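In the two complexes that follow, subunit A is the common piece, with subunit B as its partner first and subunit C second.
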Partner chain A sequence: MSARIEWRVATLAEFRNETATARTLLLDVPGWPGHLAGQHVDVRLTDADGYSTQRSYSLGAPADGERVELTVQKVPGGEVSEYLTDVYSIGDPIELRGPVGGWFVWHPSRTAPVLLVAGGSGIVPLMAMVRARRQARSRAPFRLIYSVRSPADQYFSSELRRSAVDDSGLDVTTVYTRSAPPGATREPGRIGGADLERYGWPPQFEPTCFVCGPTGFVEKVANTLVGLGHDPRRIRTERFGPTGG
Partner chain B sequence: MTQDYQDGNALAGPLAELFAVDVTAATGRCVSCGDTGRVADLRVYGHELGWVARCPSCDHVMLRLVRSPDAAWLDLQGTLSLRVPLPPS
Partner chain C sequence: MPPGQYLTEDFPVLSAGPTPNIPLDRWEFVIASEDGREYRWTWDELLELPAEEPTVDIHCVTKWSKLETTWRGVSLDVLMEDVETTADFALAHSYGGYTTNLPLEDLLDGKAWIVYEFEGSELAPQHGGPARLLVPHLYFWKSAKWVRGIQLQEFDELGFWESVGYHDYGDPWREQRYQGD
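After this line comes the complex of A and B, so read on.
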């Protein structure tokens, strides 16, 4: 890795709408050095007057050559996210630097059980881990618990449904907090100890736990995991603050 | 404290401008309470031009980083030590 990280110009190659307010951007980044699942990038926008602003976004997939994937949740009034989800078009440039972050990462060489707990758009770096596992044909046992408000708020829905069937050793559970689809056995409600116990791993399995989501969600899940007997040293967290706009 | 903070993962980009190693994976010791933890787990307030990172145990300010157009100013007086993991040599 070079000593100094530099801003690169990325261009939008393709996009996919995940929900009514979230868009996945597929960006071509000449010279992209590759990255690990869980790492993120900083994105910088500069207007004609020279005013610039930047945000961090998690990479949602393993690198595909010089192509990287971000998923942006539109935050009402968020100057960067509104631009990236509504205005930013195929062929347009943005500045991007990364990959950065070496703590909230999963290495495909690891074989220990993994528990992934996502709150809302916190699914993005965890999806990168699910995809990296599949790409590496890893046999590490994975369980993903994905907490979302309603089915309409779910990212990567069809791929996660397929992965839950096709990726051997991956269990996917969606926990709905406001409204569940017809036929769901669990009443809608916030994630709790019973969910983490039922759909996660027993602490005796010594799983590595990755928790990503809004700050309040991450605090609650991490504390609950510790309360269930998980070693805090095996819990890795990533929180969104108020500046995700 | 309110919960309007991010965590130390958000400092990975700004610190990568200054250091060749990933400082967010380093273990820091708080001057005030003596607790140790990853830089990634600090509570981070502010963004872009200035960040304040607090100890998650006692809320003491452990790190401040201010970025101006031509310089970065890093204040670590709240951090007693940093243990930085390195690949085996």
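After this line comes the complex of A and C, so read on.
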């Protein structure tokens, strides 16, 4: 029997607004044991009356000592996400438990090609993999396809633009579903087989595919990858339900 | 509500990989006993068995709970009726390769079903159709989607999520989410 994963107190050290409705939280967590790219944590909020509630959030970066990074998308009416994006301030405590999940993870020792396909806020655990690759100076061939509604909805935009220069062997393609920036060559529209063929890897390269986003997106992308000839056993998925919070 | 859960009206999806496509004419469900005997049902044979319509609350380890969900399917008590076993453990396995482990007693005495309808409609593939295990008193990952069979055995063998950090038993009322809880 493994040791219990304990609740720890985390305090907000810094934050960055990614979009109008998403905020990255940099948390100091004394005693943090480290984690793998793709893992998540449970967050627990407790109010003055003792009412408490929990949600899960993906870690957006490899561990930096005792500092961890989460990006929270505000969900309308979501009691936890509204607090974390609007109210939670520098120095405030929350409770955090993790890391959790040993399936949707990428190990820097792996050298096989990787295809990352993100829908909306599903970029967060995949960004952790991109950053873990950079931190480890890995040259594993990576391709990231990031589907967002419009340029204003993009997380990590300046870092991903820089990636083209800094991350040798990483290709980043952004697919816009509603409105593309001026000069874009692809018409806005949902991601399809042509995108996965053009910007992904051929199945013969046997890439490990990580797909993360809302249920409908993951369902479509995973099924399309299978249809293109990718082995279902090499496709790992993580879904964000329509609720959350 | 079990501790740490919140209510949802939706039916979110949790799975580790692509949704398998399972033609009904090739579908079968197999219970294999610890001495190697196999008990098989085709899709048509499953539908001919006496069905029940349980209304149950379900609790996902990712924190959502959904109350009073209605299902239609066959009780494991019916499927186990002629199975001779002294095994204490069961490993459910699914089309697509997923597995999950449970004590056999958690599948018996009206606690578990093989279900093929949800809220009056056939069970959608992303929710485990054509048929899934339903064991509502444990966290919902134990209710294996796309179920294909149950291996009875004398020892406890960890399933898919259980071997990557999730709890061996998974009782939501004791908040047994992860190994060590």
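The rule is simple: the second predicted complex is superposed on the first by the 242 of 245 C-alpha atoms of A that agree within 3 Å, B and C clash if a C-alpha of one lies under 4 Å from a C-alpha of the other, contacts with A are read in each partner's own complex, and residues count from 1 in each chain.
One rule holds for everything that comes next: a contact is a pair of C-beta atoms (placed from the backbone, for glycine too) under 8 Å apart; a residue touches a chain by one contact, two chains touch by 3 or more.
Note that the coordinates shown come from a computational prediction; the quantities given were computed from them, not determined experimentally.
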Superposed partners subunit B and subunit C on subunit A - clash or fit | clash
Once the shared chain is lined up, is A:Arg8 touching subunit B (first), subunit C (second), both, or neither of them?
-> neither
Answer with first, second, both or neither: which of subunit B and subunit C does A:Thr53 touch in the superposed model?
-> both
Between subunit B (first) and subunit C (second), which, if any, makes contact with A:Val226: first, second, both or neither?
-> second
Check whether A:Thr215 is in contact with subunit B, with subunit C, with both or with neither, and answer first, second, both or neither.
-> both
Name the contact category of A:Arg133: first (subunit B only), second (subunit C only), both, or neither.
-> neither
Which of the two partners, first being subunit B and second being subunit C, lies in contact with A:Lys74: first, second, both, or neither?
-> neither
Thinking only about the overlay and not a real complex, which stretch of subunit C clashes with subunit B: 43-51, 79-87 or 133-141?
-> 133-141
Intersection of subunit A residues contacting subunit B with those contacting subunit C?
-> 1-5, 42, 53-54, 56, 100-104, 215, 218-219, 236-237, 239, 241-243
What residues of subunit A sit close enough to touch subunit B in their complex?
-> 1-5, 40-42, 53-54, 56, 97-98, 100-104, 215-216, 218-219, 236-243
Residue ranges of subunit A in contact with subunit C within the complex = 1-5, 42, 44, 52-56, 100-104, 215, 218-219, 222-223, 225-226, 232-233, 235-237, 239, 241-243, 245
Could you pull out which subunit C residues touch subunit A in their complex?
-> 4, 6, 8-10, 12-20, 62-64, 96-97, 126, 160-161, 163-165, 177-181
Which bits of subunit B are touching subunit A when the two form their complex?
-> 3-10, 12-13, 16-17, 20, 22, 24-25, 38-41, 44-45, 47-48
